[in-house]
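Across the two complexes that follow, chain A remains constant while its partner is chain B and subsequently chain C.
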Partner chain A sequence: MMKEMDYIRPNSIEEAVQILSDPGRRGKLLAGGTDLLVQKRVDPPDYDCFVDISRLSEIQQIRVSDGVFYLGAGVTHAVIAQDPLILKYVSFLAQACLSVGSPQIRNTGTLGGNVANAAACADSLPALVCLDAVAHLRSKRGERQMLVTELVKGPHETALETDELITHFTFLQPPPGVKTHFIKIGRRNAQSISRLSIAAMGRKDKNGNVDFIRICPGAATPRTMRFTEVETYLMGKQACEELYVDAGQRMAARMVEITGVRWSTEYKEVALKAITERVLREVLG
Partner chain B sequence: MSDLQYKYIGKPADRVDALEKVTGAAKYVGDYYLPDMLYARALRSELPHARIKHLDTRPALNVPGVIAVITSEDFIDHGRFGFPVKDHFALAFEKVRYVGQAIAAVAAETPEAALNGVKAIICELEPLPGVFDMDHALDPDAPQVGFEREDHKHPNFLDMSPVYKGDPDEVLKDCPVVLHEEYRTVHQEHSYLETEGALAIPTSDGGVTVYCNNQSPFITKGNLVAVLGLDPIKVRVIQPHVGGSFGGKDDLNYLTACQVAALALKAKRPVRMTFSREESMIASYKRDAMHMRITLGADKDGTLRACKAIHTLDSGAYSSQSPFTAWRASIHAMGAYRYDAVKVEVTSVYTNNGFSGAFRGFGNTEACFGIESAIDELAEKLGMDPIDFRLKNCLRVGDVTPHGQKLTESVGLVECLETVRKLSDWDRKRAEYARQTSQDTRCGIGVAVLFHGTSLGAEGVDCATNTIEILPDYSVACASGLTDYGQGPRTVYTLITAEELGISPERVRILLADTDTAIDSGPTVASRSTILAGNAMRVAAQTLARTLNFAAADMLKCEPQRVMRIGEAYVGPNEEPVSWEKVVDHARSMGLVLSAHGKWSAPEIHWDHHKGTGTPYFGYHFAAQVAEVQVDLRIGKTQVLNIWAAHDTGKVIFPQGALGQVYGGITQGLGYALMEEAIYADGYLQSVNFDTYLIPTSMDVPDMTARFVETNFSPGPYGAKNIAEPAMVPTAPAIVNAIYHATGKRIRVLPADLERVALGKSLHKRGSPVSCKVGLKVK
Partner chain C sequence: MEITFILNRQKVRVDVPADITLLSLLRDYLHMTGTKVGCEVGECGACSVLLDGKLVDSCLVLAPQVEGREVITIEGVCAEDGSPSDLQKNFISAGAVQCGYCIPGMVMAGEALLRKTLKPTRSEIREALTGNLCRCTGYQQIVDAIEMTAKQRSQTQSGRDKNV
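For the complex of A and B:
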């Protein structure tokens, strides 16, 4: 039988980037494989070797030090969904990871893989983008850092070089009192590709005015990004139902500005208004 | 009804095949590997409608590993195929009518070589304009999909099934309340776990043995005999374990069996073809889509007077079972109600949207959505509670149906309705939910009822024969031509045999279906196994029981009628009890034959296809289901919270099996209601795998409460009726009626997905042929 694919399991990041830079082969990083192995069925692969990093303990840590979160790229959705630090400080990331696929997929799929695959509907992206998360990339040429929102340039398009891997993500622990929330719309309750989602962080001051706000819709725009215009509008305003409704309209308008009118726009407009109101109610209410 | 009279009937039991399936010991077609076995792959059409201009298979034979290639030329009369209409071919001849239709097939040493062989075939297709809208299939200038007809009707016309009683137009003039609405259902994929497959083994006498995961092995055999020109004695079809069907393992599997058998005979080696999920979805037939136009008239007091139901059924490229599906739809189109006048006409037409065939409910699933939605709408117009309105008009014992059939027994609909009303706390919830004002999330509760004719009805000859034999180890082997592809009849036959012979079910073994050991009993369809083969099993077991009783009486020195049973032992008034084994030995020594045939024929019925009257079925299953939903008004998401289901199944023989059917049926009905839609865009199926064709997961399934209303049905074994299909039929209309109760928005087109509930209309991405084209060449 014809050989279909090589498979290598490096023992360190160092070894992994070495293999990726080998001009004699076209390596592809394999972490959970939940996207890769499905795509391989229908898209002829442009690689000839899986580089399996799923067992690299170096990229499987979660820790906080000096107010900075460190999240290994090889951490699975299941681990994030139950991690006490995540649940305590950035629970919306746990919500997002819990909404991924099914228990089997969450047990093997990784955060790094979710970002690197760069689906517009990737469930972890809105929360990571809200957090201004930074992706740390490694190659034989060295290290570099990039904001997740810039790393993921569009649907299935990233700034990653073929010899680069994501080692981890970092982001600042949210300031005290900031609440986070994530909402996803799917066509069913599990194993569902996001039709639309939204992540937000927010806080109001003692007068009830918004003094911290970040908001990022998912599966709404080709590149996942914070709607900073809406954030700016909300800052300093009294948190109330009218404001949430107003914000929902602005979010929908901004989305259409970016994407133009597509087949799904009519639905996404009304749905984005609804989930904007709901997410703001959660983080500012 | 007391259960005390039975030892096994209606009592908890294990499924006879549960353990081997759970442990993975059960073998399916794809698990068979034989020495020298070849792998087959079909070249399938990438165009929805085209003329085959040029087909050259010789290049495939030059591909390393390819051993044999076949086309329609390798079959008698090009493998002309189909029942009731012979409009199909074992491999495409002259034309292709749908995307995924097999044109040629290759057998090779490896699956990869078979695919390379398929790719090497030169096949020039000249595109023809297609028909993609059933409502324009009969337009004078519509492209011609079907053959010319001798009666000069439109070539795209397949059949029309009527039901007529009186003149509804006249009656409607008198009705103060009239409803006229249109409803649409969409194509649904069966989503069986195991995809299609067949393995053919050439035999030394020039014949062929075929393992196929079909529903009805005798139909496979009949087709093989016809298209290969073999002596029937040289053709044997074995059905191994089958991973689900839901009506979906008829025609395509028969075609597949013909293809692998022809390849095996040509290559003189075993050949197996098993489908990828993509190939299965693209090539297989679906539930038909239906466009229903319903007019109902009632008096102000809520008395239903008249019904008109003018439906169109999209049969796709081939007839398959559609004329029968349309007929069943016509019989059930007016619902389980009394009327003064009825006019039903269900017309099936050809298009190039894949092809449609049998699927659980078989026309009634579609028709029930239409009529039960319309009945709900009419109840509202009348200002009546939906259950009260149904109770006022529904069929009862003694009524004459609109077809002209007097119902003399076993009509448990009123009890079903009252049962779900009570279980669901209907009256309180109807009132409470009507007062909701939230613009965000609301609950609703809705009902739908069903009647469903048992077995084939006036579709065909309706009988079954089972066999039984005591083996040397005192076990009992039984065979039936009505097969088990997951529904559970082998367990039903086991319990019946154990009951009648007074032996432990562990002694009983129901053989897997094999045309060499079982007797042709018609197709395994239409929820007919329990009644037809259940009765046949009972007759066979009773015959054998009489023989053993005679032997026991001889041993116990008493009259046969004085013989009693304690456990398996035989007890008489004079002697010590004797064991089952001893009685069997004694019977053998007396020279008695310890095997029997049992045949059972359904009561004779008649249907007049022109007058649209008669006795369509010899009995009916009745049911009511209530659905409770929570609807997110803003984003259009429906969560089904509860389903209460009361089914008049007659006597339940295998309770866990019956409950399994209800739970599974509700789940499949929920998918049909909320998310399932096999979309054809210009003839191209848009979802070719389960990543985009969504069916419910366990997270979508509501709490389900099932009750059986066990009215006695005298023709059924122990009074049993049917359950497999009826379980799913009322679920979708019950859910959609509940959505209306919650939202005030009436969904008249399935599925009630996010967009339809939020916006009142569906939104679809522009269609693309890419998924089909890629899917047909997946490794």
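For the complex of A and C:
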């Protein structure tokens, strides 16, 4: 007979990592459950115990101090989408979280879960990567930090150890005047999985030249990363339509360089060009 | 494992396997079949319930997660005398019910919205229903029913405010 599944709800991060490191069981972190409970229907679980961290207040804070954002991994998409600090300084993260699933999914799904599940189409990734967000990981062995772009190595593949959990993310508050924007293309507006998305941060100086730019497409490359070559190209140039069109072509070319020509390339090239232009218009316009 | 929670304002204690969903707990163990089984992957919203006042898909909540919390299902939204609520009556009068399968979830989504605001725009109502699929009505009448209820409730409320 199959071993009965266990369920534990630790009262602290300390307790959670203790359970995860217990050699006598194979614990699986449960936060929002919106990915995990779907996977459980499809694949037989390789764990024998749910470790429910959905009520840990330690991982549910959002705050800014000394210009550093602190964002708990257990915060739900619904909370991020409405948080005044997020909306004020990094509104593209709110846009991204608002584009996730449905009200039901956003009420339970968490930011940490979105990153740890590491779907190629995870909606929060482009904005987090644009922000150079750092994931803070905890295990019984201690703490370590890793850039989100490095933590998520590819579709459903992360550098997380099985006894580790993401406690929070940190990133610098964008400099004054920097605008952020996120665009997602899905098959419909509601409940859609990203076909392609893009996040950008930008600012121009008083002469109209680009003096801050970061740009990161989502679901375009196996690892979500900033296209720094394009950023370097844009820096210092006069912000105008021709520049956005040019940047769109460069983004598409860079994507193909990384992925090679795939079945979806014909579509993605055109689409990435278009959303690059649109996102640049928003942050530099 | 033993789970104690508040279901439709009543304390409930059950002993169930730890790996079942809230949906299964409600239907298979408590025999409250108003909450419907649809896709079971969080796409259709037929199994929507309120968990501590928030709309969730009960197919994506693990049963033990409701320990000590409050769940309201379609069985808990009726009027005080057990008859249909104002929202449910409006679903009927707006012609918002055809096959009816999605309706418990639709009513819960509508209720969740009306608890937040009594002055929703039509696009806010549509937004609130994005997690609920209906393959019969084309949604118009469902939006109508929720809009109608919002108007009635806000009139009742402002009437009450004036009396105070």
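Here, the second predicted complex is superposed on the first by the 281 of 285 C-alpha atoms of A that agree within 3 Å, B and C clash if a C-alpha of one lies under 4 Å from a C-alpha of the other, contacts with A are read in each partner's own complex, and residues count from 1 in each chain.
Keep this in mind: a contact is a pair of C-beta atoms (placed from the backbone, for glycine too) under 8 Å apart; a residue touches a chain by one contact, two chains touch by 3 or more.
Here the structure is a predicted model, which is why all the values come from computation and not from measurement.
*Asks:* Tell me which partner A:M201 touches in the superposition: chain B (first), chain C (second), both or neither.
*Replies:* A:M201: touches no partner chain.
*Asks:* Could you say whether A:V17 touches chain B, chain C, both of them, or neither, answering first, second, both or neither?
*Replies:* Touch partners of A:V17: none, neither chain B nor chain C.
*Asks:* One more residue to check, A:L125. First (chain B), second (chain C), both or neither?
*Replies:* neither
*Asks:* Tell me which partner A:A252 touches in the superposition: chain B (first), chain C (second), both or neither.
*Replies:* Neither partner.
*Asks:* I'd like to know which partner A:I59 touches here: chain B for first, chain C for second, both or neither.
*Replies:* Neither chain B nor chain C is touched by A:I59.
*Asks:* Look at A:I86 in the shared chain and tell me whether it touches chain B only, chain C only, both, or neither; answer first, second, both or neither.
*Replies:* It touches nothing on chain B or chain C.
*Asks:* Contact-wise, after the overlay, does A:V270 reach chain B, chain C, both or neither (first, second, both, neither)?
*Replies:* A:V270 sits against chain B, while chain C stays out of touch.
*Asks:* Which of the two partners, first being chain B and second being chain C, lies in contact with A:V38: first, second, both, or neither?
*Replies:* A:V38 contacts both chain B and chain C.
*Asks:* After lining up the shared chain so the two structures overlap, which partner does A:S102 touch, if you call chain B first and chain C second: first, second, both or neither?
*Replies:* Both: A:S102 reaches chain B and chain C.
*Asks:* Under the contact rule defined above, give the chain A residues that sit at the interface with chain B and also at the interface with chain C.
*Replies:* The answer is residues 38, 41, 102, 189-191 of chain A.
*Asks:* Hey, which residues of chain B end up touching chain A in the complex?
*Replies:* 110, 112, 632, 634-637, 639, 675, 691, 694, 696-700, 753-755, 758-759, 763-766, 774-775, 778-779
*Asks:* Okay, in this complex, where on chain A does chain C touch?
*Replies:* The touching residues are 4-7, 9, 30, 32-34, 37-38, 40-41, 45, 50, 52, 54, 78, 101-105, 107-108, 189-191.
*Asks:* If you look only at chain C, which of its residues touch chain A in the complex?
*Replies:* Touching chain A: residues 1, 17-19, 21, 40-43, 45, 48, 54-57, 59-62, 64-65, 67, 109, 112, 127-128, 130-132 of chain C.
*Asks:* Any idea which chain A residues touch chain B in the complex?
*Replies:* 1-2, 38, 41-42, 102, 185, 187-193, 195, 263-264, 266-267, 270-271, 273-275
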